[in-house]
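We just call them A, B, C, D, E and F in the order they show up, numbering each chain from 1.
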Amino acid sequence: MRNQRYEQGWKMLERIDGDAGKQVTEALRDVAPDLARYAVEFPFGDVYSRPGLGLREREIATVAALTALGTATPQLEVHIHGALNVGCSREEITEVIIQMAVYAGFPAAINGALAAKRVFAQRDERTKE
Amino acid sequence: MRNQRYEQGWKMLERIDGDAGKQVTEALRDVAPDLARYAVEFPFGDVYSRPGLGLREREIATVAALTALGTATPQLEVHIHGALNVGCSREEITEVIIQMAVYAGFPAAINGALAAKRVFAQRDERTKE
Amino acid sequence: MRNQRYEQGWKMLERIDGDAGKQVTEALRDVAPDLARYAVEFPFGDVYSRPGLGLREREIATVAALTALGTATPQLEVHIHGALNVGCSREEITEVIIQMAVYAGFPAAINGALAAKRVFAQRDERTKE
Amino acid sequence: MRNQRYEQGWKMLERIDGDAGKQVTEALRDVAPDLARYAVEFPFGDVYSRPGLGLREREIATVAALTALGTATPQLEVHIHGALNVGCSREEITEVIIQMAVYAGFPAAINGALAAKRVFAQRDERTKE
Amino acid sequence: MRNQRYEQGWKMLERIDGDAGKQVTEALRDVAPDLARYAVEFPFGDVYSRPGLGLREREIATVAALTALGTATPQLEVHIHGALNVGCSREEITEVIIQMAVYAGFPAAINGALAAKRVFAQRDERTKE
Amino acid sequence: MRNQRYEQGWKMLERIDGDAGKQVTEALRDVAPDLARYAVEFPFGDVYSRPGLGLREREIATVAALTALGTATPQLEVHIHGALNVGCSREEITEVIIQMAVYAGFPAAINGALAAKRVFAQRDERTKE
């Protein structure tokens, strides 16, 4: 079950999401382990590994889309962490989220900003420890 | 009615969207002219004019969000033009769109790619003329 | 198949939508006639017939929701007609649509305004005839 | 207020959802009791009672749609119970949810799988008691 | 930073939402203060302040849209308060929400009704104190 | 570029969608050929090839989801063909679509039924030829 796409995806996932990838894999283990595997292979093994777009731009795109959709708060938080992990600044992330007020309305942007606030607080907490 | 936010927004809109801004303003003139004005003032006068995120990154975010939402094809086409106008490559734009298969599913990504195909063809056509 | 809910719904539908109800019933006749029947019985026989909210307010609510969702342009056009038929002014309808920029973003509001523009033009055309 | 559609719908609802129907009716009693009644009459009295599609297939369709929409987690959980109650296996349900990664993206599928995990755990808990 | 649009918007926001506006401004203060400012200026300073549609109708439109979208429960609750604050009755609000079953499905309407139930209970609680 | 997942996916795609798979591959060839490849490998090579759910049930799930989402009409038409190709009856497909009125509202169901009408007409046309 461990193939090249998975191995490549897992490395990419660790680089972007840190522990979050492991947590999703854990959470899905007993209900849909193959979904956890696909969620490594296709997004990270196939897509994020592609040349042609930098990881900072990829995370900007993902934060934008998840903020606009408004249906996937846990994944938005994971990717705000991811954006910070690949070198986006907090300011860049909040700019992306503010911009979503234009395309998906103020509630989507406000809920996205509150997700960013939670993520930033988590990271401040870790730094203190 | 012409204020500083509008003037600043209009310049930004011309830089990003070229003629498309004028066309939307024209189209809305007799039905909702203030909506056309707001669509310059807030998105372009307030948001896109903000420092803290580059225009290339802003257009990547917008193309991502509109591809994922799947409800605004005309605006997606305008912003694929916009992304090219501010310096994104065709490859970068298609990478953003392909990535949306992960977050919004394959139909959204395929429909986004077909929008990009139409925009690229329009620009090839213009170049020939 | 013609019951009291249907009869009451059909009268309400005629009052609100004029010919549009007949057209939907026609269009669905050979593929899903019961869906056409349900679309009279439940929305118009049950819901719009309820006391407690005026028809103008009901159409304002529907125009708002369909503009915000952005996935049902034909039905939005039918209900812009409906709003006018039950006494909303063109200005009130465009105000509702402009307001949706706040809750669903500018593309949704602009696409809603262009739907209103088409409906208003149809009615101007009819008046000329 | 108790009519044939309601009676037929209630029986169908009990067969599919077990106690969940009663809980929704309870929850809505003081705020919108007619909505609770409609939620029995139309979905269960009219639609699920129709011949032409088996209950297993109906629940597969509902689990698919609610997973894809991503806006109705409580109702998704109710219908995962429902799918099990009418004879779908856990494997069939997780297959439907995994498939939604294709049409609505990985976050929708992952959140659907976590809903299934919660439902399966509830049922394991009941069995133990 | 305090301009005429903001001042006008803030007064409108206080009239409609009472304390909720202050709470959002507080919550966003350290993560995206300009988003809080925009959320006053554009929706309330520009849009709600427009003549041509009454505040009751504006809140009906907003409750309808947020119920139908199903992605912004906190904002829906704020605007159910808002609708009551500008003179809508509880019955009118629940009618709008019930009607959304037609346009966005039963789960959206049921979740909207449960939001209304929570808001009504909060207000009953306040009255008791 | 032709690997086992692609080969298996292509066979599955041909079985389900007939010519539609080739058309999408053609359409995307010059703009995003890898998206066309992924759209074979992951949905059809990985997901539809899984045991544990029949192809009829898989197509029922897909028709339900695409009808409910309302953002992917071309793909909905492809999968109505697909459902018929793997043995669903026209009646079963329209039942799934009617049912979506419950979960995504009447406009989504009506637009889905009109898509089914177009597909059924195409197939009647082919039969005549």
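To be clear about the criterion, a contact is a pair of C-beta atoms (placed from the backbone, for glycine too) under 8 Å apart; a residue touches a chain by one contact, two chains touch by 3 or more.
Quantities reported herein were computed from a predicted structural model and do not represent experimental measurements.
Undergrad: Spell out the chains that contact subunit D while also contacting subunit F.
TA: A, B, C, E
Undergrad: Count the C-beta pairs in contact for B-C and for C-E, then report the pair with the higher count.
TA: When the contacts at B-C and C-E are counted, C-E has more.
Undergrad: With chain centres defined as mean CA positions, report which chain is farthest from subunit C.
TA: Relative to subunit C, the chain whose C-alpha centre sits farthest away is A.
Undergrad: So subunit C and subunit F are the same sequence; what rotation in degrees superposes their CA atoms, nearest 5?
TA: To map subunit C onto subunit F, rotate by about 120 degrees.
Undergrad: So which chain is farthest from subunit B, going by the mean of the CA atoms in each chain?
TA: Using the mean of the C-alpha atoms as each chain's centre, the farthest one from subunit B is D.
Undergrad: Can you give the whole-Å distance between the Cα centres of subunit A and subunit E?
TA: Computed from C-alpha means, the inter-chain centre distance equals 30 Å.
Undergrad: Roughly how far is subunit E from subunit F, going centre to centre by Cα mean, in whole Å?
TA: The separation of the two C-alpha centroids amounts to 40 Å.
Undergrad: So which stretches of subunit D touch two or more other chains?
TA: Residues 34, 38, 42-43, 47, 50, 66, 68-69, 71-72, 75, 94, 98, 100-108 of subunit D touch two or more partner chains.
Undergrad: Sort the chain contact graph into one of these: line, ring, star, complete or other.
TA: complete
Undergrad: Across the complex, what residues on subunit E touch subunit A?
TA: 24, 27-28, 30-32, 34-35, 38-39, 42-43, 66, 69, 71-72, 74-75
Undergrad: Mind pulling up the subunit C residues that touch subunit A in the complex?
TA: Listed in rising order, the residues are 68, 100-108.
Undergrad: In the complex formed with subunit C, which residues of subunit E make contact?
TA: These residues of subunit E touch subunit C: 42-43, 47-48, 50, 52-53, 57-58, 60-69, 72, 75, 91-92, 94-96, 98-104.
Undergrad: Quick one: in the complex, what on subunit A touches subunit E?
TA: So the residues of subunit A in touch with subunit E come to 69-71, 94, 97-98, 101, 105-111, 113-114, 116-117, 120.
Undergrad: Under the stated contact criterion, what part of subunit E meets subunit B in this complex?
TA: Going through subunit E, the ones touching subunit B are 34, 38, 42, 46-47, 50.
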